[in-house]
């Protein structure tokens, strides 16, 4: 494992291949959807996907990679935007009303 | 910003609401696809999405959050699986053959 | 081309393979998302997809096939639900306010 | 119900609003993915979606509508491409090997 951050590793990978030109926000958004569906394909006919856990993990890594690339393109830090969004979600789903329920906030 | 890791923040959020029961790998995979499409919706009719950058960032945060939850459920570290997958991708896309081209590796 | 309707052709295909057991509404909904992403993959890095039109058409056929299977499972006619939804959409997008604009109805 | 075909109804709807300019193959492909995810959202936390069947049917109609628009844009007939693809799928999944199994053809 490298001492560089994931962001720096990804930047180096992209720059060495001159791929930044393809990484418009729109293309990265399409890519996230495409990889998300490849992940979902492991559950297409079955709620469990046990026989292919390594492949599953790699599809998840693909989703994360495009999401990190988009974050970098937008100039934001992935973990920071998650924490900021989490604060918002907490107030939309107060514990006393949402405990043990998957109901969407606008129907709670 | 908290001193807790994002993983720990997410775990606390989920536990307080007793939501782990809903977070099967399959449900999280569906959730990633659903949030990815909400992100894509910002580019549905237009390659740029300038008027709604804050919303765009929040949709991206949602994708990342479900991806982190799935990683935790699978017992893997999000950044580590990205770095491991990156090593594989590097060998599939050698710089000399892939530079400046978006061609898929099996057609290079 | 057969004299049977597409619905009947699909039913025969599924029955001969004893596949109805896999075609729950949920599994068909996942399948539609998966095939939709394979279609989108033709536009991942490029707004045009000219070199692969036959493949593109087959991906579109896959989306349509799972959508027809879900309609049959729900007991509705695909073309009739399209026409009924079209009536609703017409009233949400009156011609005088929506002409030449891709703005969503709730922002018109 | 009209005497016009669904294709003609959709064409009239689009032309009255001057929306053909937005209906590039790429934008329609994105739209199919977006609507497919809205359909999937009904099954996000639960394999059944009984309480919202009317909404479910309308999401399915949206998927079908964008798929029909893309077919028209590509100059093909939706039901004919389904039947042609079905012939291919039949030979990839011979009944004797695929009966009662959801295994993908390349692993049969």
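Each chain carries a letter (A, B, C and D) given by its place in the written order, and its residues are counted from 1.
The criterion applied here is as follows: a residue touches a chain if its C-beta (ideal position, glycine included) is under 8 Å from a C-beta of that chain, and two chains touch if they have at least 3 such contacts.
Owing to the predicted nature of the structure, the values given are computational and were not obtained by experimental measurement.
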item: Classification of the chain A:chain B interface as same or different, half of numbers criterion; value: same
item: B-D against C-D, pair bridged by the larger set of C-beta contacts; value: C-D
item: For chain B paired with chain D, centre-to-centre distance based on mean C-alpha positions, whole Å; value: 26
item: Separation of chain C from chain D, taking each centre as the mean of its C-alpha atoms, in whole Å; value: 1
item: Contacts with 2+ other chains: residues of chain A; value: 22, 30, 33, 36-37, 40, 43-45, 47, 102
item: Complex contacts: residues of chain B adjacent to chain C; value: 30, 33, 37, 44-47, 102
item: Sites on chain D touched by chain B in the complex; value: 22, 27, 30-31, 33-34, 36-38, 40-41, 43-45
item: Residue ranges of chain D in contact with chain C within the complex; value: 1-2, 6, 9-10, 13, 16-19, 21-22, 24-26, 29-30, 32-33, 36-37, 39-40, 42-43, 47-49, 53, 56-58, 60-65, 67-68, 70-71, 74, 76, 78-86, 88-90, 93, 95, 98-100, 102
